[in-house]
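First chain A sits with chain B, and in the next complex the same chain sits with chain C.
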Partner chain A sequence: MKDLLAISDLSGEEITLILDTAEAMREIGERPIKKVPTLRGKTVVNLFYEASTRTRTSFEIAEKRLSADTLNIAVSTASVVKGETLADTAMNIEAMAPDMIVLRHPSSGACHLLARLCRSRIINAGDGMHEHPTQALLDAFTIRERKGRIEGLKITIVGDLLHSRVLRSNIGLLTKLGANVCACGPRTLIPTGLDRPGVTFSTSVDEAVAGADVIMMLRIQQERMRGAFLPSLREYFNTFGMTAARVARARPDVIIMHPGPMNRGVEIASDVADGPYSVILEQVANGVAVRMAVLYLLAGGAEGSEN
Partner chain B sequence: MKSLLKGGHVVDPVNGRNGVFDVLMDGDRIVKVGRDLPVDAGTRVVEISERFVVCPGLVDMHVHLREPGQEHKETIATGAAAAVAGGFTAVACMPNTDPVNDNAGVTEYILKKAAEANLARVYPIGAVSHGQKGEQLADIAELKQAGCVALTDDGRPVATAILMRRALEYASMFNLPVIDHCEEQTLKGDGVAHEGCQASTLGLRGIPGEAESIMAFRDISLAELTGGVVHIAHMSARQTLDAVRYGKARGARVTCEVTPHHFVLTDDMLASPEPYDTNVKMNPPLREAADRNAMLQGLADGSVDVIATDHAPHHYDEKRVEFDQAPFGITGLETAVSLCFDRLVHAGAISIARLIELLSVNPARILGLPGGSLSEGAAADLTILAPDLQVTVSVARMRSKSRNTPFDGWTLRGGIAATIVGGRTVYLNDDVSDLELRT
Partner chain C sequence: MDADRMGRTLTRIAHEILERNRGVEELGLVGIRTRGVPIARRLARAIAEITKYEVPTGALDITLYRDDLMRHAVGPQPVVRSTEIPFSIDDKKILLVDDVLYTGRTIRAALDALIDFGRPKSIQLVVLVDRGHRELPIKADYVGKNLPTSLAQSVQVHLQEIDGLDEVEIQES
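Our next item is the complex of A and B:
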């Protein structure tokens, strides 16, 4: 595999290999000296066209723990105004011979465009409404760690399904590993045509969370009122917000997840986000290990590394 | 000088001809069509095998030639060259140039450039509204006087019902059809692909078929109200075909066209072979199989009047961007006939005679153009088709200035042998060896 563009390109075996590799990588983060020479001499460019704190930091820490030379490029809207296309920017970076490019971009398919133009390996750090594969991988890693398995679990995803790249990656990944996904949100925010075996859609959050092993919340963006998707954030919270009362309908050992950034009081009540079922910060911690695994495997795994 | 096309398979639906005939031309006119015509001394005789189809020149009533203003995409000269290479003796060009063709000055400029190119006949289509802004009617009498053959704000819909009503009423005084780009803009929103499984999976904003059919229903109702003539452009959704059938059943003066890409391709092309290929981004978008099949059905049962290409050249740089940033549209002039033969005629969906109705007879009739038949006395505009020619589409060989087609590399059965405009051979396909038409 040259690039990591989408979960839909991965087999169940490849997903399991990444998750197993991440187990080993996590151990590196627990050492006093959190660094191995695995990617020494490799250059990784983090090319971000959207603001991101968590994902960019997570990639950068992962790269540094593997001793890669890292470079962050945050493309401001100013240079877009100046008129350089993504293709030209990519080919200029490519001319300096990096080994990998981590791209976040507001347009779906931007990583595919880069992968066509570049010999460097491309890692998708979120492209528009399409996919966010490393997020789904770290979600799966977290679920597997807490539950010991993914197959057969009821995993409920609640929020803005229509605009969510996290949803698309998670549906792909979780169904490949045999989970039953229940995706829940207002009718205006449910995409058409995503039905497939292992996925059900619901507009009743009470039904969706009943008996759930995992509840995953998705961010509701403030501007969704503008497209008439929602009447108000207040009504959204009352109808779909994750409250302690709703969590009580799930299994007693349910875990609550959120890819961040959270809107407290919009999609999730603070007492749930900060409560005993929440694994939200574990997801963040696991993100580093999962991204180390992806970087390591794309660099060629054991054969491509120094030791 | 007289020349005789001898022995080809003549398909001329208007005159009820479908068999081996000779066509005698004198200068720029057709003089006589018949069996075994006698040959005068001095008449040049071109023997044509009956494997070739001789038909009235093809007419593409929906092309974007981009000039004036966007000559980096196409010029009238390159567009006309692409037209004749695709078998079209005439094209009607859309007014969304820069400046917009909403006045006689632009119309005359287009006609001047077309005369200089001296290849296909070029018929300008004027704007419905000033600047295609949808606010105030363009000077329609002036446009008609200058040579426009129809009106449209193509590229944009006429957003308000009242302006469309007035356009239909006003245009009817000049016998000008209004060509309708049907798109309910709020429903389309910032959509870039057909709303369905593929767009949802790829995270592309969707455009439902109803964004098209809602406006088609509106404007067909307005055609009934006003008695005006509306032609539904580049129909893509099965609901729109239902709207046209409804209108025709009620006697509304409505006709419609389908592009080759909408009866050949589906939105599966968004995902493969090349995910997010901007050469499958067009407006209206490629729709799902049920829509594509409805278009095939409509072509076969007579509900569809015209095949038009919506030839929309865009520069390579403009298409080599993120999918949602790319402009809508693909070229079509040089692939249309091969796609029609391969997917319609050879697939058994329609006859060759029906194909000629769709590509020549009906567009000429709707726009009130000369052509569409091989009648004696008519201009000698003919296309010679090679129904069994194996064609491999190659953008490198195209005459168009732009290369934005999803069909590059496709192998298709059926193509063009030669194109004759006003008795002059303006295109001869080098891949067809046994035709001697060079002048």
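Our next item is the complex of A and C:
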């Protein structure tokens, strides 16, 4: 595997290998010296065309814990504002011979373009409304840790399904590992083309959360909405927001997840976000271990087996 | 080397460890994954039979410290397994345990890994088999058996806990 562009490129065995490796990586974060020399001398460029706190910090910590040299490029300060295209920026970075590029970009498929142009290994840190593979991997890691398995679980995903790359990656990953996914949102925000065995769509939260092992909330992405998808945020919260009363319909050992950033009072009530079922901060902690696993496995992996 | 011989060898090493280290409370055993771990546990058991004291035992995975990790352009990365050292190694006399001592590169990596966990008082090396051909200036403190080999041969240690039987064999390749 040269790059990590999308969950759809990965087999079930590869996903399991990443999760198992992340298990070992997590221990490094518990040591007094949180650093191993594995990627010494490797250069990783974090190229972020969209705002990000969690993902960028998480990648950077993961890179530093593996002793890679890291470089952050945020577009607001880069020559992109002077009119340079993604391809030109990439070729210029490539000329300085980094080993890996972590890319976040508002256009779907930007990572695939880069992977074709560059010898460096590309890691997709979110491309438009397409995929966010490391988020799905850390979600799966968190579920597996809490539930001991993924196969056979009922996983309910509620929110802005249409604009969510997290949903696309998660549906791909969770169905590959045998979970039953129920995706729930307003009719205007249900995407087409995601029908596959193991996935059902619903417009009723109360139905969707009934008997769920995992509830995953998605943010309402107003910045991506071009049109009148919702009457109002208050109405959205009343119809789809995750409240304690709705959580009570799920299994008693349900866990609540959210990829962040959260909009309290829009998709999730504060008492649920901070409540005993919430594993939202565990997801963030696990993100570092999962990204370390991905960086390690890509750094020396076989050429050309995937892409 | 068969099961009987292996058992007596480990008992002998346990006695040697106690002879050379006064104060069993200061000791800590760390086995190198994979086969150093069950050997370390057996040594802990042997020491407990003699002294009635359980020496704390941990497992060390050295994959992330290997010096040959990024040298192969092709081929999947070695699998990383977990390191579990459930005690503080600070000011302890650590007994580092592995099955076969060969080039010494594994031990070099293990020393680097171990130092990341603290500052032990000393580190001593225990190996079941020393097959020679060192590439680094490393020497074992306790050796089960010196086994002269050629570079073409490989030494396989099988252990009950992992392979279902205890034996050491030399394979021609």
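The definition used in the following text is that the second predicted complex is superposed on the first by the 290 of 307 C-alpha atoms of A that agree within 3 Å, B and C clash if a C-alpha of one lies under 4 Å from a C-alpha of the other, contacts with A are read in each partner's own complex, and residues count from 1 in each chain.
Everything that follows uses one rule, which is that a residue touches a chain if its C-beta (ideal position, glycine included) is under 8 Å from a C-beta of that chain, and two chains touch if they have at least 3 such contacts.
Keep in mind it's a predicted model, so treat the numbers as computed, not measured.
Contact with chain C, but none with chain B, is seen for A:32 once the two complexes are overlaid on the shared chain.
Once the two complexes are overlaid on the shared chain, A:23 sits against chain C while remaining clear of chain B.
By the touch criterion defined above, A:42 reaches chain C but does not reach chain B. Once chain A of one complex is fitted onto chain A of the other, the partner contacts of A:184 are absent, as it touches neither chain B nor chain C.
In the superposition on chain A, A:8 makes contact with chain B only, while chain C stays out of contact range.
When the shared chain is aligned, chain B comes close enough to touch A:227, but chain C does not. On the chain B side of its complex with chain A, the touching residues are 189, 195-206, 275-276, 317, 320-325.
Interface of chain C with chain A (complex): residues 61, 64-65, 69-70, 72-77, 79-84, 112-113, 116-118.
Only residues 8, 85-87, 105, 107-110, 112-113, 127-131, 165, 168, 191-194, 227 of chain A touch chain B when the two sit together in their complex. Of all residues in chain A, only 17, 20-21, 23-25, 27-28, 31-33, 35-39, 41-42, 66, 293, 296-297, 299-303 touch chain C in the complex they form.
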